[in-house]
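Across the two complexes that follow, chain A remains constant while its partner is chain B and subsequently chain C.
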Partner chain A sequence: MADARDAEIDDLINNLDRDYDFHPGGKDNAGYGRDQADNKQQDLQKLLNLWIAERTCPDILPYDEELISTLTDRLRAQVEFIEMTTTDPEAASQSKLKILLVESELERIKFLIRGYVRARMHKIDKYYLHLSTQDTDTKRKLSDAEQRFVLRRATQLKRFYDQRFLSSFPQALQRLDDNSPILPMVDTPDLNEFVFVRVLQDVPGEVVLSNDDSVDLQKGNIYVLPYKAIRKFLRVGEVELV
Partner chain B sequence: MYGDLALKLAQDARRVQTLEALPVYQTDLVAAIVREIRDLLRDFRILHAKQGPDFEPSQNRAVSCALFVLQICIRRNKRCLLAYHRLRAKRIEDMVWAGVDASAATDEEGIVKGGSSLTAGWHPDEDEYFRGYSDVLAEFKGEWTDIDLTGPMDPPRDLFIDVRVLKDAGDIQTEYGVISLTKNSQFYVRQADVERLIQQGYLLKLS
Partner chain C sequence: MALPLKQIGTFLPSEISFLAENTSVSIVPRQALDVLELIGLNLPAMRPMRRVEVPLWVAIILKKQSRCNIIAPTWLSEDSLKAAYEAEASNMTRFSNKLPWEWIEVGELVLTSAPDDLACPPHIIRNLLRDIREIRQAKVRAGLKSLDPTYMQIDNVGAMELNEIRQFVTMTMNELRVLQNGRAEEEAEEEVEQYPGEDSDLEDTLETTEYSIPRDSSNFDDSLRSRSRSAAPLGERRPTSRAPAYEDDEGDEEEDLEMDESYLHTVKDNSSGQR
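Up next, the complex of A and B:
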């Protein structure tokens, strides 16, 4: 009895994609089906990885504009579809459970995106001076909105300092970005922080950690290494943060 | 002794870290430190000017040491000021992220709470920073129409939750009709519909 019910629920879940996807292409969209469902599953997995990486990485990672905008578009389409279905009382009573499941899933995806953006914002707030430099390499990691945010929040904080005490100092003492090697004023991410990485592809050659220490990265293994040492492998996708 | 005031400020900053609400802003102490910095700068200039145009630091060790100490004291004071203000600014930012409505807390509830509102000890400039940062954040949030960035950071479990009404919050519109939130009543509602009211303290989420 219980098995039959479980199977029924599994069936329902498996059919969710087919029944509840709003796809603007409609019937013309012949290629739609399993492939696309797999694609969506992959996107979700990507988001999950992105969220984990951003939370564990000491530095800010490049913003995945494409993935996030795809997912938010889909979220919007789903919400529209749910609204359309629930306004029709007959359809709504038939598919209450399905809609509930879809909505729960939507909340979960929203949570992941929120967590991802918040993890970025936390680092942006912390390293705002470092990130508001005109260095293009740093800038490329931030989305347009994030870049605007960094500059505007830097202005606000500077104004607060100015109002309270900074403006009464001579010019030479007003600087906030004095990066003398003895006492640097700009907070930067600690690239020597240790991170957990899983190796996805064998990395040829040994990774040199310090003068007399190196490590061989083998596929499938998990290592704890300074972020600096694995940064370039992360960028090309040979390792992932866990 | 030079630096004593800045030390007091740094100690106050450390105290702030353990407190829940921001304590009173140290207006006098900050002003005194700014004055000290100006005095030190004046001393520095006078001493430097006395040496004449062809002053060689390596020739006159005593003078260059005095200049160095003055300079170090100035920088230290500045550093303490920055640390104190950055810490308070950070706390204010956290409140903005948490969705605390500081203006409502002072205007509407100020009398009820006997003036002991969250912002009671703030400097007017801090109120302004609160508003400024709120604006910056609001603009950023504007980019995210579908996702409430200041929403809860716990993973969602249930779509519907039990809530108890702590303060009258008027009527809210949900897809199941209008719910009238009167004090002490209890409802089973969609979490997304009442998230904001929970944050603002009108509703209590029952587990």
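Up next, the complex of A and C:
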């Protein structure tokens, strides 16, 4: 009880500090603006990396809900800005250039987001059985919409196949998800596929590959390695896909 | 479908160039412009004749309207390109680190959008860039000879250069890995008779599968598990991609050969499926 109250008070004090920091004009405001600009650049960089990673990685990567929703919010704000400026006849004449820049960037960001979603869609299409039957761990990688899509697709396809031809097959041959080890029917991402990675931070120790080979990952170098071998470094941001 | 075949597992050159447009360059604006809040950054306020850093795509837009001059990056000058060429030529087994990641794209973009802003005639720069590109391509080709299924290291490669070889390298290495695993298992295991699908028809295959293998995947012993992993690229394609004609003329071929065949088959199948 006392702890909870303490935490609350701490929170209040912290908030107070922050509020106070923002208020006095001049220097602090500029600092805040810079922070915000830094955030924007980080967001853009994150989106670029996400797009590249999703296109090059054999497995489906966790969906970045937060980033995409922040960016779509900003997209909306920019569209509003364009509408506001173009409908105002006085402002319109002076700000053609501004609108041109804003619109170009809008399209660039939209292109990236679309590309990101499409790359994911491609994998979801390909591995829909794997994704629809999987445990929560795999599911967490998908956004809500993607999860709904996977389930709908799986049930609809199943129904379609059943009606078309599966129902006339012997019972034993009707399954779509027969995962015997020799002829698995469910396509799963091949985690042994090779990917191009750039090392962002020196990875201590050597990375052991199959066949008892190992490799030393040094900062700035570019390697072609099995995705499986670098997956954990990718997660903590020690390497990036290129 | 969701992604055109050309874009699966790789990027289009235009996409690589699009990425390179995000690098920042210095420009000298000819016109004033207030701070502009964008989604991915805030454009700094511009005053005539004051240098500012902006992303390349902004610079290109402004340049097109002759509202700014682009200051070419330092590496894109005659002297440093010559130095870079020397460095490339002095060591034929490694790439030099004198060029940035997006050197081909940025070079091309600056040359086409702002040839008049370069310190020396654009054709000199263009020739130098081409020389460097050729010497680096020779290195790439030499490197491709030594592809093996473990790993490859290519430091200081450019984004465009990497993308050019991406599909070839990853596909070759994947196939080599499959072949290697196949061979290793052939030596290690003898239960070949359990391996169906050489020439039996689909129904037989499925039935033998049912008898010999427990359904529940948690019961597999390790040897089966490893077999299934290496056989996966073969197995997962077979039910869908095998055409009847193929089954007939493929008797007791060697396993390696068959992998090639079925691989070619999937390639064909994929491309026709995409259309």
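The definition used in the following text is that the second predicted complex is superposed on the first by the 206 of 242 C-alpha atoms of A that agree within 3 Å, B and C clash if a C-alpha of one lies under 4 Å from a C-alpha of the other, contacts with A are read in each partner's own complex, and residues count from 1 in each chain.
As a working rule, a residue touches a chain if its C-beta (ideal position, glycine included) is under 8 Å from a C-beta of that chain, and two chains touch if they have at least 3 such contacts.
These numbers were taken from a predicted model, which means no experiment stands behind them.
**Student:** On the A-aligned overlay, A:L209 touches which partner chain: chain B = first, chain C = second, or both, or neither?
**Tutor:** second
**Student:** Is A:Q163 contacted by the first partner chain B, the second partner chain C, both or neither?
**Tutor:** first
**Student:** Can A:R76 be said to touch chain B (first), chain C (second), both, or neither?
**Tutor:** Touch partner of A:R76: chain B, not chain C.
**Student:** More residues of chain A are touched by which partner: chain B or chain C?
**Tutor:** So, of the two partners, C touches more residues of chain A.
**Student:** Once the shared chain is lined up, is A:E103 touching chain B (first), chain C (second), both, or neither of them?
**Tutor:** A:E103: touches chain B, not chain C.
**Student:** Under the stated touch criterion, which partner chain does A:P184 make contact with: chain B (first), chain C (second), both, or neither?
**Tutor:** A:P184 sits against chain C, while chain B stays out of touch.
**Student:** Does chain B (first) or chain C (second) touch A:D43, or do both, or does neither?
**Tutor:** The second partner, chain C, only.
**Student:** Quick check on the superposed pair: does A:E193 touch chain B, chain C, both, or neither? Answer first, second, both or neither.
**Tutor:** second
**Student:** Once the shared chain is lined up, is A:R140 touching chain B (first), chain C (second), both, or neither of them?
**Tutor:** The answer is neither, since A:R140 touches no partner chain.
**Student:** Have a look at where A:I222 lands relative to chain B and chain C in the superposition and call it first, second, both or neither.
**Tutor:** second
**Student:** Can you pull the chain A residues that chain B and chain C both touch?
**Tutor:** Shared contact residues on chain A (touching chain B in one complex, chain C in the other): 75, 100, 104, 108, 111, 115, 118, 121, 125, 173, 183.
**Student:** What does chain B use to touch chain A in their complex?
**Tutor:** The contact residues of chain B facing chain A are 30, 33-34, 37-38, 41, 74-75, 78-79, 81-82, 85-86, 89, 93, 123, 125-126, 128-129, 132-133, 136-137, 139-140, 143-144, 146-149, 151, 153, 155-156, 159, 175, 191-192.
**Student:** Using the touch definition up top, name the residues of chain A that touch chain C in the complex.
**Tutor:** 33, 36-37, 40-41, 43-44, 47-48, 52, 55-56, 71, 74-75, 78, 97-98, 100-102, 104-106, 108-109, 111, 115, 118-119, 121-122, 124-125, 172-173, 178-185, 187-188, 190, 192-196, 209-211, 213, 215, 220-226, 242
**Student:** In their complex, what parts of chain C are in touch with chain A?
**Tutor:** 1-3, 7-11, 15, 18-19, 21-22, 31, 33, 36, 38-43, 57-58, 61, 65, 67, 150-157, 159, 162, 166, 169-170, 173-174, 177, 180, 194-197, 203, 205-207, 209-210, 213, 215, 217, 220, 224-225, 227-229, 231-233, 235-236, 238-239
**Student:** Across the complex, what residues on chain A touch chain B?
**Tutor:** So the residues of chain A touching chain B come out as 72, 75-76, 79, 86, 100, 103-104, 107-108, 110-111, 113-115, 117-118, 121, 125, 145-146, 148-149, 152-153, 156-157, 159-161, 163-165, 168-170, 173, 176, 183.
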